[in-house]
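Labels run A, B, C and D following the written order; every chain starts at residue 1.
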Amino acid sequence: MIRVGIVGAAGYTAGELLRILLLHPGAEVVFAQSSSHAGEPVWTAHEDLAGETDLRFCEEVIPSKVDVMFLCSGHGKSKGFVESLGDSYKGSIIDLSNDFRLKADAGDFIYGLPQVNLSKLYGAKHIANPGCFATAIELSLLPLAAKLPAEVHVTGITGSTGAGQKPSGTSHFSWRTSNLSVYKPFTHQHLGEVTEALVDEGFTGKVNFVPVRGDFARGIIVSTYFDSDLTEEQAVSAYRDFYSCDPFIRVVDFNPDLKMVVGTNRAILYVRKYGDKVHVISMIDNLLKGASGQAVENMNISFGLPRTEGLQFKATRF
Amino acid sequence: MIRVGIVGAAGYTAGELLRILLLHPGAEVVFAQSSSHAGEPVWTAHEDLAGETDLRFCEEVIPSKVDVMFLCSGHGKSKGFVESLGDSYKGSIIDLSNDFRLKADAGDFIYGLPQVNLSKLYGAKHIANPGCFATAIELSLLPLAAKLPAEVHVTGITGSTGAGQKPSGTSHFSWRTSNLSVYKPFTHQHLGEVTEALVDEGFTGKVNFVPVRGDFARGIIVSTYFDSDLTEEQAVSAYRDFYSCDPFIRVVDFNPDLKMVVGTNRAILYVRKYGDKVHVISMIDNLLKGASGQAVENMNISFGLPRTEGLQFKATRF
Amino acid sequence: MIRVGIVGAAGYTAGELLRILLLHPGAEVVFAQSSSHAGEPVWTAHEDLAGETDLRFCEEVIPSKVDVMFLCSGHGKSKGFVESLGDSYKGSIIDLSNDFRLKADAGDFIYGLPQVNLSKLYGAKHIANPGCFATAIELSLLPLAAKLPAEVHVTGITGSTGAGQKPSGTSHFSWRTSNLSVYKPFTHQHLGEVTEALVDEGFTGKVNFVPVRGDFARGIIVSTYFDSDLTEEQAVSAYRDFYSCDPFIRVVDFNPDLKMVVGTNRAILYVRKYGDKVHVISMIDNLLKGASGQAVENMNISFGLPRTEGLQFKATRF
Amino acid sequence: MIRVGIVGAAGYTAGELLRILLLHPGAEVVFAQSSSHAGEPVWTAHEDLAGETDLRFCEEVIPSKVDVMFLCSGHGKSKGFVESLGDSYKGSIIDLSNDFRLKADAGDFIYGLPQVNLSKLYGAKHIANPGCFATAIELSLLPLAAKLPAEVHVTGITGSTGAGQKPSGTSHFSWRTSNLSVYKPFTHQHLGEVTEALVDEGFTGKVNFVPVRGDFARGIIVSTYFDSDLTEEQAVSAYRDFYSCDPFIRVVDFNPDLKMVVGTNRAILYVRKYGDKVHVISMIDNLLKGASGQAVENMNISFGLPRTEGLQFKATRF
C-alpha cells in the first residue's frame, strides 16, 4: 500500500486527488495538509466527501510517514517547499504546479507525460505533472512532431475549473454563464512546456495558440491544424500507432464531443484531412487527465502499479 | 427631460438603470456616482456600454443638478445617505435597497409596488423600490390576499444576479453551474415586506417561503399554492380583474417558462386549481421588474410619464 | 460472475447501466438488446464507450444466456415483455419502468427501495426499480412516515436527463438553457408509488408535489416540509437512526448542494426545524440512485453481493 | 409606416423579427404567415408575445398588402417562393436564407452587409441577408481584405439558436449542456459568401475556418489571425477608420466577452498584434446582427429610415 501525503489539499486538484485516492486499491492517504483548513474535516473544503472519510486537514507536512507527496499548493510554491525538505525525505514527489516543468527549472524532475517519458517515469522519484492545456495540445501533436511544418494552429477551450477556486471577475457565475472570452492569445504560459515536449520529438516549428474561456466547469477541447502532405490514412495511422499501447487514449473514427471524456482519465483524438490540412481534435478532462488523474497515473507508473489502477472511472456522459 | 443621478453606479442594478435610462426618451443621466470607479468611463464597470455613452463615474453626488436620484449603494447604506442630504435637496429619491421598505423604517417613503400603491406613487418624492423575490411573491398573492387561508406555500428559484456582483462561494461559476441549493428557508429577508404588503390587502395568514439558488443568471420563478374554495374560474378571474389595467402583467392561459420574462419588465402569472389547491406560477426578471425596471416604472409614475415609457424592451426569449 | 442482459439498451438509463456494469467486478454484460441499433457497436448510442468495449447491440433477447435482465425499454413496454418470456426464463428481472411499481400492477415484483424492502430483496427474482423523483421524495419522508401530518409540501427540481433522450420542446437546448418551468403540479406520475411506499410505513396523509424542470442535465433536489412537534434534535435523530446502516445515504449537518451527489449512487439529506416546520432537503443523481445505480444496487442485494460492489464512483463535484 | 409581411413566421429568426417590429416606430406587421401554425395566435410559437399582440399566423401570403416581405422559411425555400410571386408584387423582399447570397444565385439581390454595400442598399428591392457566421467573419476581415496574406485562420463558436428550432441530436439539452464539439471544419456553408465578400474588397487568399458548437443559446465569437507587417497601431486604425461611421460596430480597446453583444444589434471588434500576427476578436448576437436585426437594418436602409430605427435594444449583459 502506497502511503500518500497531499500538500495544499484544499484546492480543486487536491480534491480530485482525494476523490481518486480514497477509492484507489493500492494507495492510502496518510495526510492532507492545508494551512487554511488545518484541523477541519476534509469535507469542509470538499463537501461531497462528507461521510466518505474521517480524514482531517493537518497543519504540518510529515514526510517520514509517506512514500509519495503530491504538491498542490499552486504555481511558485513547490520549488521552495522541495528545497525546504532537504535530503532527509526519501520518498517521491509529484508536483502539480509549473515549477519544475521547463527544462531550465526541472533539475532531476521528469516531465510526467507518459506518452513520451514512460521509461523514465518507472521508478522516478521526482515528477513534474504537465499542465492541462499542455497535455491536450501535446497529445494532439506528438505523433507527427517531427513532420510538422513551420506553424501549427491551435485553439483550445477550457472549463472554469482550470482557473482554480479563487474568485475572480471571470469566474463569477453571472458573468461566465452563457459567455465566452479569449485570453492570453499567443502568450499562454503552457506554450513553453508544449514547445519543449514537441522539440524533444523533432519539432522545429512554432505553435500558435489561442485559448478561450468556456462556460462549463470541466474539460478542454483543442482544435489543431497544420499543412501536411500525408494522406488522411497516413495521418490517422500515425496517431493510432503512436498511442497503440496507451490505456487511456482513444483515436476515434467519428466526430467526438467534449462530454465523452468528462469524468474520465481518457484523452480522445480525432484526426482528419481537409484539403492540404490535417485537423486534430483533442479532448481531456482538465482536472483528471489534465491534472490529478495524470498525477495518479504517474504515481502508478513510478511505483510499478498497473497504469489504470484506480483510474477507471464511470464516465459522466451527461 | 427628467435629470437623473445614480448613486452607487457600479453594481448590477445600477448597470441596468444605465442601460434603460440611456435609451429612455424622457430622462437624461446627469451623473453616475461611484467611489470605487470615480473618474473612469462607465464602461469600465458596464463593459457593454463602451461606445454607447461618454459618461464617466463621478466621485461626488451633486443633488442640485438632478430631479431624481436612484440609490444603488446596497442595503444599509441608503438611510445614512438620505439623512446626509438634509432638506436642501428638493428632488425625488428612489431607493433600491431594503432600507425604507418596512413600515417601521419607511418614514415618508412609499412602497413602490404600483399594483397596490399607484395613487400614492403619483408625485411621490420618496419611493422604496420592492425586493425582487418580494415583487414576485406579492404579485402571486395580492389578488386573493383577503381570501387566503392561514398558510400559503411558496418556493422561489432565483438567478445568480440576485446576489449581486461581489464574489462569494455560491457565485463561483465552477460551483454554481449545473448546481442548485436551498438557502434561508422560512427566514428570507423579503418575508417582512411581503407580509406587510399582503396584510394591507387583508391577509391574516403566514407565508412559508423556501428560496432556491438556480444555475442561471436572470429571472425569478415562484410557485405558490394554498387551500381555496374558489373555483378555478373564480380564481383566474380574480387575477385577471386585479391586473386588468396593468401594462406589464400578463395572466396567461398556458404553462409559462421563465425565459418568457427575461429581458423584460413584465410579470407573467399562471393560475390553476388542483383539487382543493389554487396554484400560482409567478415570473419576473429579477433585475428589471424585480429591481431597475420597476424603479424606472416608479419614476415614470411619480413624474407623470406613461408607465411604459422606456420600458418596452425586446424580449430575449432564447 | 453474474451474467447480465440489458433490454432496450440504447437509452440513457441503459447507457448508465453499461458504464457501471462494464467496470463491475462481479458482473459481465452478455448482451445489450436494441431494435433501433441492432448490429451496431454500443458506442454508436453511448459514444464515450468507444474503445472501452467491443460489445454490439443485438436484435434478440437471449434469456438463456443470462442470470439477470435489466428492462430499459420504457414505461408500458415491460409488462408485455415479461409475459412474453413465459416460464422458461429462470433468471432475475430488474425493471426500470413504472410497469410493476404500484401494488395493483406488481404481481410478484418487489418494489426495489432497499431502505424499506431490504429483506425482501435478498434473493428476489423480480424487482421493480423505483422512479427517480419517487426515490428522492420517499427518502425524505420515510423516517417520519408514521408521524407526518395530514399534508406534506414537496417541491422537486429535476435535471433534463430525467425526461429521456427523445427530443421534445422542453428538451431543446435553446429553450431549456437558463430556463425553468413547473410541470404536472399535484399530478406527477410518481405520486402513486410515493404514497404507497409511505403508507406502508404508517403515513396517512397527502403529498403535495410540485415538480420543476431545471436547466442542468443530472440530479434531483427535493425540498420538503411539514408541521411537526418533534424538536430539531429529535427529527435529525430519526433520520440518522433510520439510515444508520445504509451505505449510500448521508444525513449531513450543513446545507448541501446538488453537485455533491452528481455522479454518485448517494443520497444526501439535510434536516432542520424552522418554527413548527421540519424541513428536509433530499438530493440524488437521477440516473444513478434514481435509476441505474439503484438498479445495480438491487442486483447486488438480490444476488448476495456487497451492496456497494461496483457502485463507489469518484464523485464529479464540479 | 412600412407595412411588413413575414413568410415562415414560426421559426427563431421570424420570432426575433416580430419582437423587433412590434416595437419599431416606423413599421407595422401586417401578416405573419405560417403553414404549420395557420390560424393560431403568434404566441403559440413565440410564447413571450402572449399579451403583446393580437396578431395570428395566416395561411396565405398577401403580397398586395405589404411594402416588404421578410422570408424566413429556411434555406432552399426562398427561390421558389420568389419565382412564384411573379411580377405582380411591387414591394421589397429581404431574404434570410442562403438562397440569394452567392453571386451565382443572386440575380438582382443585393448582399445585405451594409458595411460594404451601403450605397446599393438604398432603395434596394431585393436583399439577401448575410449568414450569421459570415457576418462575424466578414466584419473581422474586411478592413484589411486587400492586405491579407495567403491564409487567414478563423475559429468561431456559435450558440445553439444558430441551428434553428428543429430538434436534433446536437440540440438536445442533455447532450449540449456543458459540452462542445467541432463541426464542418474547413467546409462550413458560409465560406462561399465570406470569400466572395472579401474578394470584392481585394482579398486573394484563403479562409481556414473551424466552427464550434457552444453550450449557450445566443451569440457568435470569432477568433481570427493572420500574418501582417502592419504595426498594431496601423491595424487598429484600419479597423477604426473602416467602421468609423457605422452605428452598430464598436472597435474596443479592451478584451471583450460575448455577452457584451448578446441582445443587441452591435458587433464588437478587438484588434491586437502578437509577434507577426494580427489577431481579431469579432462578436455578434447571431439572431440579431447575424440575422433579424441586420434584416431590419437593411429594411431601414432601403426605405430611407435611420439605420438604428427600432434597433437600439437594452443590452442583456447578464
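Rule of thumb we're sticking to: contacts are C-beta pairs under 8 Å (C-beta built on N, C-alpha and C of every residue); 3 or more make two chains touch, one makes a residue touch a chain.
Here the structure is a predicted model, which is why all the values come from computation and not from measurement.
Chemist: Among the remaining chains, which ones contact both chain A and chain C?
Modeler: Of all the chains present, those in contact with both chain A and chain C are B, D.
Chemist: Look at the interfaces A-B and A-D and say which one is made up of more C-beta pairs in contact.
Modeler: Of A-B and A-D, more C-beta pairs in contact link A-D.
Chemist: Where centres are the averaged C-alpha coordinates, which chain has the largest centre distance to chain D?
Modeler: It is C whose centre lies farthest from that of chain D.
Chemist: Please compute the C-alpha centroid of chain B, do the same for chain D, then give the distance between them in whole Å.
Modeler: One centre to the other, that is 34 Å.
Chemist: Any idea how many Å lie between the Cα centroids of chain A and chain D?
Modeler: The separation of the two C-alpha centroids amounts to 40 Å.
Chemist: Would you kindly tell me how far, in whole Å, the mean C-alpha position of chain B lies from that of chain A?
Modeler: Between these chains, centre-to-centre, one finds 45 Å.
Chemist: For chain D, jot down the residues that touch at least 2 other chains.
Modeler: Correct list: 12, 159, 161, 174-175, 177-178, 215-218, 256-257, 259, 318.
Chemist: Quick one: which bits of chain A touch chain B in the complex? Just the residue numbers, please.
Modeler: 12, 159-161, 165, 167-168, 171-178, 215-217
Chemist: Can you list the residues on chain C that touch chain B in the complex?
Modeler: 153, 155, 157, 159, 174-175, 177-183, 185-187, 208, 210, 212, 214-219, 221, 223, 225, 255-259, 262, 272, 274-275, 277, 279, 281, 318
Chemist: Looking at the complex, which residues from chain B come into contact with chain D?
Modeler: Residue list for chain B touching chain D: 12, 15-16, 19-20, 23, 46-51, 161, 177-178, 217-218, 250, 252, 254, 256-257, 259-261, 263-264, 266, 268, 287, 312-318.
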